[in-house]
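Think of it as A, B, C and D in the order they're written, each chain with its own count starting at 1.
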Amino acid sequence: MDSQHYNSQELMVVNAARLLKDHDVVFVGVGIPNLACNLAMRTHAPHLQMIYEAGVIGAQPARLPLSIGDPSLVTGATAVCSMYDIFSLYLQRGNVDVGFLGGAQIDQFGNINATVIGDYDHPKVRLPGSGGAMEIAAWANRCYIITPHQKRRFPARVDFHTSIGFLTGGDARASTGVRGGGPQAVVTDLGVLKPDQHGELVLAAMHPGVTYDVVAEHTGWPLKKAPDCQVTEPPTAEELRILRDELDPQRIYI
Amino acid sequence: MDSQHYNSQELMVVNAARLLKDHDVVFVGVGIPNLACNLAMRTHAPHLQMIYEAGVIGAQPARLPLSIGDPSLVTGATAVCSMYDIFSLYLQRGNVDVGFLGGAQIDQFGNINATVIGDYDHPKVRLPGSGGAMEIAAWANRCYIITPHQKRRFPARVDFHTSIGFLTGGDARASTGVRGGGPQAVVTDLGVLKPDQHGELVLAAMHPGVTYDVVAEHTGWPLKKAPDCQVTEPPTAEELRILRDELDPQRIYI
Amino acid sequence: MTKLVSLPDAIRTHLHDGDLLYASGFTHLIPFAAAHEIIRQGITGLTLARATPDLIYDQMVAAGCARKLIFSYMGNPGVGSLRRLRAAIESGELAWEEYSHFGMISRLRAGASGLPFMPMKPTGAEDLASKNPQYRQVSDPYTGERVVVVPPLTPDVAIIHVQRADVQGNAQVWGILGEQQLAAFASQRVILTVEEIVDEAVIRSDPNRTVIPGMVVDAVCHVPYCAHPSYTQGYYDRDNDFYLAWDEISKTQESVQAYLDEWVYGLPDRQAYWEKLGPEVHERLQAGERLSQPVNYGEY
Amino acid sequence: MTKLVSLPDAIRTHLHDGDLLYASGFTHLIPFAAAHEIIRQGITGLTLARATPDLIYDQMVAAGCARKLIFSYMGNPGVGSLRRLRAAIESGELAWEEYSHFGMISRLRAGASGLPFMPMKPTGAEDLASKNPQYRQVSDPYTGERVVVVPPLTPDVAIIHVQRADVQGNAQVWGILGEQQLAAFASQRVILTVEEIVDEAVIRSDPNRTVIPGMVVDAVCHVPYCAHPSYTQGYYDRDNDFYLAWDEISKTQESVQAYLDEWVYGLPDRQAYWEKLGPEVHERLQAGERLSQPVNYGEY
């Protein structure tokens, strides 16, 4: 166990986990968000509840799930429902506290593009598309984004609004009538961005050893620094132990 | 076994059963319609399928059900679904061939009142109301009504449209956009009424020994006689045996 | 984290005078014990919503709990009329709001789904819509045709009886499902009455059987025989004799009062009620055994 | 009345060139054997609808079966891209119509329910709606607010894999339910592929487990291991290795063609496919036993 050293993935998982609260109901995918939830459950949020867009509630998978529809999610879960019901009774009804989002592009106002690079009708790069992201971004009470910090991933404006953050800022999001609070944090391998009062993503925290200049250089808009910009606490030995020994011993995602 | 003698209830059950076809999917209540379906299944329509508004499909009750939600309907059924699903996936989707209807008043155009006698807001007699009748009358492919023939039950116009037949006749029903064909027959203890090409209920058949004058006297509008008005075949010994010995040996409904 | 509380405590905590209550169950799993507790606690001014008011609301209205009824079929199923409700409506004492079954259930579907309305195909029967302004219309943007819509129903409290649940409120139901799930998701607060409290492992052995997840449940009350005179599939039968008897009892307010005095006010709880019914009734309502064949979820 | 036929006969009878097909299953129960049979029969011009096209439609598009795709998430779940679909869209060879998951499933819900549309709360993300005229809006008649709607999806044919069914097509599903039920009710014709044909008595022992009633089913095909490389809960595991391998295979049309030659055109049916996978794969995909605890329906 080397708790002085940790990689980017571990850093993102640990910082994402710390954003989760006990009793949160989390709409979770596979990979990093799944690890973050499981880490939170084993540390400060034992009553966190995970639900999957495949319609699984209260999963207790005996192995690390490799797809959101893994059979190990179902065996031993507390409930399974249809896809229509998970989106309507849970997400649209307002029963989801936290959603995780990702995408090829995240812009200055937390809008996400997971659909297309270039023109929609004549795509340069065709990406997978929304899946449930359009609804999660709108209807979960809070959203978090976890992504490596690269300039091409952080353009000033996305090519396509697969799911919305704060649109053009100000009251633009609220005026659409969506119920959720939008993206509350973007966790990267350099630090954490959070929306300011206008919905613009600003640098809220840097990981140990990272400088503002480095983050700004990897961001596609003139990145503001929050007045109370912090340095994140490094992953603890216990967090790393749980992650490495219990959650992903085969190092599939970390 | 006395097949020369039969009562009004038996006569109505037998004549209703004969209207059902093999492979019909029937939305069925308790009592007389339930007996008619079971009689049809044991005679000419072995593949008839019964579904109940409580959400039960393919029931094989070990006893005569006394309510549409009887537990004996569920044990041994092929499927059970929620109330929303039985009305949407089955009835509204067009998966129901036959619906049975009843009510305090049936008028000249097959409209039914099961809601109120007198003014709706200040009712003289408050009746149970629609239940599923409003939708069954509109969306089942064919509807049948079984009722004793009494003048007060057959007014020229109903006080309230709980469910529609042909409204004011002509293309009035079609213009509402409902998908089903409306009431195809009213089976009474005197005979059978059927809609003519204008949707007006006319005398299509009389039971043995019944005269036109008697039926007209018990009907609240000037009852026309169909050009091909028949006399119904009396219940057969076999029909009565099944009904009396197998279906309702305790004579609850007959 | 257990949500297990006594039924009196659950009612006291979650149901208040003037609330909109949905006591769920379509002929099956009707939570009579909860209604009796509400009557005992003297809660008043309720708006009572149910597709089929059944005897449960006939009793609550007779006991003075309600000011308004929302319903779609006001009959004593298989017997006839609900006499106390009918009298209260005919005399003008009770306000009401009326739907067809599908209209009523569509309101719950909208409420449970967080939707602003649910559409329905037209039925051509417009008299009810003309009396109930909650029925509205929109134009189908694909064809221009009229579509009937109803708004969400979001009760303050749902009371839902289920066969088995764990102490966190993960609840499994079989037999007639009625509107159990939709009522739970539509409502602000959910009280579960449970025939049998089981270990979480029983629930987790068959997650597809779970109809209501604990996350929407506020209180779990262990109340065996809660549903009598209705029934709990696999636990006890419907008491058809009582449904017939109620037709007599409910003929006058006086005989109903005598019934309430003896069977509700005169008893502390459902256990006393069940004992008072006596061995002959217990025997008559026994459900035999007819087990489901298991399915394999797989060990992965 | 049995509806049992061979899979080739069912496809030949019910699926025609140019049809709109919905091969159902959300990561679970994806009917790969049916897709392979469609490819072998050389059916073309299909519109392929699925929330998640998955490998099944990547293969069918590569084999030339399709002219159009209707979808909501075009990824190789847990792996990355669907390379053949992506190439066909980027090159302009394949038409497409795109939704979010909820939009897609709401289309099926409307189709299955006989509704002219389904409403959804707004999401604020309007770029997709601006590119897909099937997304429309109506005004909420209660609040005046905008509501997004989608029209019914009513496929010509649905192919649905289930764990167990009787010969009349009464089908039971457990584990992830996805859109199995809605696809069946939405479609004009339904082909069921079944892991295990069981006696009607097994179905009747647990009617609440029945997801699709025989009355909407046209053909019942007994096809064990139909879902590989996806899975059938309780029967065999998801073949994650193959999902990873496909990422390599699908890099060029040539390597896909070689795959199709060996595993689809070169084999008569699913039994031969399963045998060809060999004992090592069989062993790796075994599902252990974890049985549901029974419930009592009661003998009444």
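Definition applied: a contact is a pair of C-beta atoms (placed from the backbone, for glycine too) under 8 Å apart; a residue touches a chain by one contact, two chains touch by 3 or more.
Remember, it's a predicted structure, so these values are computed and weren't measured experimentally.
**Q** Would you mind telling me which chain pair, A-C or A-D, is linked by more contacting C-beta pairs?
**A** Looking at contacts between chains, A-D has the larger number.
**Q** If you take the mean of the Cα atoms for each chain, which one ends up farthest from chain B?
**A** Relative to chain B, the chain whose C-alpha centre sits farthest away is A.
**Q** What is the distance in Å between the mean C-alpha positions of chain B and chain D?
**A** Roughly 40 Å separates the two chain centres.
**Q** Which integer distance in Å separates the CA centroid of chain A from that of chain D?
**A** Chain centres of chain A and chain D, defined by C-alpha means, are spaced 29 Å apart.
**Q** Measuring from the mean C-alpha position of chain A to the mean C-alpha position of chain B, what distance in angstrom results?
**A** Using C-alpha averages as centres, the distance is 58 Å.
**Q** What residues in chain B touch two or more of the other chains?
**A** 56, 70-71, 74-76, 80, 88, 92, 139, in rising order.
**Q** Could you pull out the residues of chain D that touch at least 2 other chains?
**A** 114-115, 120-121, 145, 174-175, 177, 181, 208, 233, 237, 287, 290, 297-300
**Q** Considering every pair of chains, which are in touch?
**A** By the stated definition, chains touch in these pairs: A-C, A-D, B-C, B-D, C-D.
**Q** Can you name the residues of chain C that touch chain B in the complex?
**A** 26-28, 51-52, 71-75, 77-78, 81-82, 86, 89-90, 92, 98-103, 105-106, 108-109, 120-128, 131, 145-146, 174-182, 231, 233, 237-238, 240, 243, 287, 290
**Q** Along chain C, where are the residues that touch chain D in the complex?
**A** Checking each residue of chain C against chain D gives 114-121, 136-143, 145, 147, 149, 151, 163-164, 172, 174-175, 177, 202, 205-206, 208-209, 233-235, 237, 287-300.
**Q** Touching residues of chain B toward chain C in the complex: what are they?
**A** Per the stated touch rule, the residues are 30-31, 53-56, 66-71, 74-76, 80-84, 87-88, 91-92, 115, 120-126, 128-135, 137-139, 160-164, 167, 173, 176-179.
**Q** State the interface residues of chain C toward chain A in the complex, per the touch definition above.
**A** 1, 112-115, 170, 181, 185, 200, 203-204, 207-208, 210, 213-216, 297-300
**Q** Spell out the residues on chain B that touch chain D in their complex, using ranges where they run on.
**A** Chain B residues touching chain D: 25, 47, 49, 56-58, 60-63, 70-72, 74-80, 88-89, 92-95, 139.
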